[in-house]
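Please read the structure below before turning to the comments.
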């Protein structure tokens, strides 16, 4: 099939048919912030950070779930989009208790990096300060719900790559939270294989290897894509 | 198929061990050929039979439908109809839809909370009374509306409802 | 089943029907007001008098004036009584005999009745929803027969397109276009879904249709299935509607027994099976992709569109989703022709719309009115104003996705575009009247609380935005807000409207924005002195 030609931020770009707009944008060397997207996992279009303007379309579209089409004219970084992205990050920081100074992921955290990227330097919204539990019942990993952004990357990694679906989301709205099995302590899970892919996929310090302290949890989400590739190639 | 009144704690106590509820649930799952798609229908049936969804029940359903437990729990907690804790012997549901709101449902609810000592959405410590709220019963012509033990009460009058609840709780004490 | 058998059922039904009839409303509203006890009293009284075969006591669907139930109608005179108590049974029988009766009569010449145009509700109050024979006797299932034997699927879709019918669930998407897309989309199987997850607080049109005339909806679905090439249908009903579910179950079983659903309908090659799925208390499942997820047994979380369900819906197959009222319009269009239908209403909004008129209004109930009628005609003439004469302040349409329209704009005609132009939406048909005592900030806060509780939690703007907005409105109400909070509220409203994943989040700010627009002074009054201290 013929390549598609589209215009992204004024540049003519050619893309493969069936490719997502996000992939085409990245191939053009343009950075668009993402959070719930992770290479190797299916997309859900939930974080709304990669929304872009497409000429002729009334609504903003998530680049991660929009397919390229011939003649598309896309704007990825308008002042309006910049402002929305800043507000979305602000809302996230206000939702739970994100304290970088005492976080295992500080310096390696996607949320922290995104805040810098979109220029979110202070939060104008009221902090909701929920009382979130920390579960360290698993022998190798822990989860601190205070740092969870509900991107569901752990849920998808566990389901799509490890294939056990230990994780899911319970509740709804602002009370939604990730769970293992029947909302049991992670250590008591009968389905978990302790593979650690959830920990690799986690963009923040919510899921962490036990024993690390502030700033010590490295960021290794790109390994998810490598695992997917490896499974295809059968190295 | 669903939504008959949920049974009370007293019913549960009175029921002999080895009842046939499990068989009925099994028949429902079989009717849907144990397909995961039928999860919500099965949970409806389970709640109708048992009054609430205990961890054992959820785990059982997960196993029979060959679904991950976390998915079953995720679905059970997404929908407000499903209750993971037992309900009181008597329940009063106050409709908080717009028409009822405009006609004073919030005040009605607050008075019932004071009267019963139970916060909306909760059950009294002795398990006798649950005070619940509904988003909209669709009985807006009768606003404000409430449901007392399955009976829809239209144009709910605060003092009238209070008397009825007190007599329900008092008579059997 | 063929046409002759259908006609024979109708004839038999009409022949054996007694001339004298007492018909009582059996919908949820009147049942709660004591209609069943009244029926028992009537029946025992007639038995005592030995007149039980001469006089028929029948349950019928909703007669519309729900706030004055139970409603009773007697035939052949057609007189209608309101607030009928069980003790009134003897008087009602007396009225049937032409004697004096002291039970309050509904004024049938009141604009509440005379301004209505019944298309969808044309059988309501005339037929017993529990009996398929009643439906057949008023011409039921003839449209389905006609369509299967005399029209091609393309012709059916063209008829719906020419009628100008638009989705009655709220957004007003052209129904014919939707059907055409599903018909064109390739798929080994296709589905038809009836969205009966009527979640807007203050709306009960769909409940009433299902409780009063379930076969009308089933026949509309079957015609749609024939047109788009589907063999399986689902009706997704709210769990809060047990009576509607019961009547649908009964109706489906009857239709199946009569060969009007199932395989080889009317001895043709057309098969159509309908199953009920019961919702479990999630407003967001009214959104079509969330509804599909729910039928698949999953959490009712929406997904981004495209792809639209018409191309990839239930189990990835092309799926037609229409609302109850939309399907209920189909047989009338087939019966009377698309040209007849398109003459009703306005240029862009054809036909009628049912509204649930509630709140601070004298005549509470359901009305079916032609598109283009003004809000003033509905509220003042039909509704009769507020019960105590307090001036009406605004009317809210469209539920949590709609807006508040001030009394000064009551000459706005009721159609999709005009309501959108004044900052609200047609919505599914809730119309809540508010008087001068209603505080609009409270109203906005009420709806935001609703959206906060009903947000699925998937996308950030809706999940966190609804909570932040609710908290800010609460602060405002408690006079703790800062003047800058108003612009922050507006900014957050814009974010949610533009970036939320689904219609729930995108429209959640509407009640706030519309009240801010028309009643800004009520917000500003609450900032007052406290705000000055704050700055």
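As written, the chains take the letters A, B and C, and residue 1 is the first residue of each chain.
As a working rule, contacts are C-beta pairs under 8 Å (C-beta built on N, C-alpha and C of every residue); 3 or more make two chains touch, one makes a residue touch a chain.
Treat the numbers as computed from the prediction; the structure is a model and nothing was measured.
Participant: Assign the assembly's chain-to-chain touch graph to one of these shapes: line, ring, star, complete, other.
Facilitator: Complete.
Participant: Please list the single chain whose C-alpha centre lies closest to the global protein C-alpha centre.
Facilitator: Here the chain at the core of the arrangement is C.
Participant: Roughly how many whole angstrom separate the Cα centroids of chain A and chain C?
Facilitator: 39
Participant: Find the geometric centre of each of chain B and chain C from their Cα atoms only, then give the gap between the two centres in Å, rounded to an integer.
Facilitator: Distance between chain centres, rounded to whole Å: 25 Å.
Participant: Give, as an integer number of Å, the spacing between the C-alpha centres of chain B and chain A.
Facilitator: 37
Participant: Show the residues in chain C shared as contacts by 2 or more other chains, in ascending order.
Facilitator: 282, 299, 453-454, 456, in rising order.
Participant: So which stretches of chain A touch two or more other chains?
Facilitator: Each of 169, 171-172 in chain A touches at least two other chains.
Participant: Touching two or more other chains, which residues of chain B qualify?
Facilitator: Those would be 71, 74, 78.
Participant: Quick check on the complex: what are the chain B residues that touch chain A?
Facilitator: For chain B paired with chain A, touching residues are 55, 58-59, 62, 68-74, 77-78.
Participant: Residues of chain A touching chain B in their complex?
Facilitator: So the residues of chain A touching chain B come out as 159, 164-172, 179-183, 190-191.
Participant: Quick one: which bits of chain C touch chain B in the complex? Just the residue numbers, please.
Facilitator: Contact set of chain C toward chain B: 28-29, 31-33, 65-67, 69, 198-204, 207, 238-242, 245, 249, 276-283, 294-301, 356, 358-360, 364-366, 396, 399, 430, 432-434, 438, 446-447, 450, 453-454, 456.
Participant: Please output the residues of chain A touching chain C within their complex, sorted ascending.
Facilitator: Going by the criterion above, the answer is residues 44-48, 51, 59-62, 65, 80, 84, 87-88, 91-92, 94-95, 124-126, 128, 149-150, 169, 171-176.
Participant: Applying the document's contact rule, which stretches of chain C touch chain A when the two form their complex?
Facilitator: Within the complex, chain C contacts chain A at residues 282, 299, 303-304, 452-461, 463-468, 471-472, 488, 491-492, 495, 498-501.
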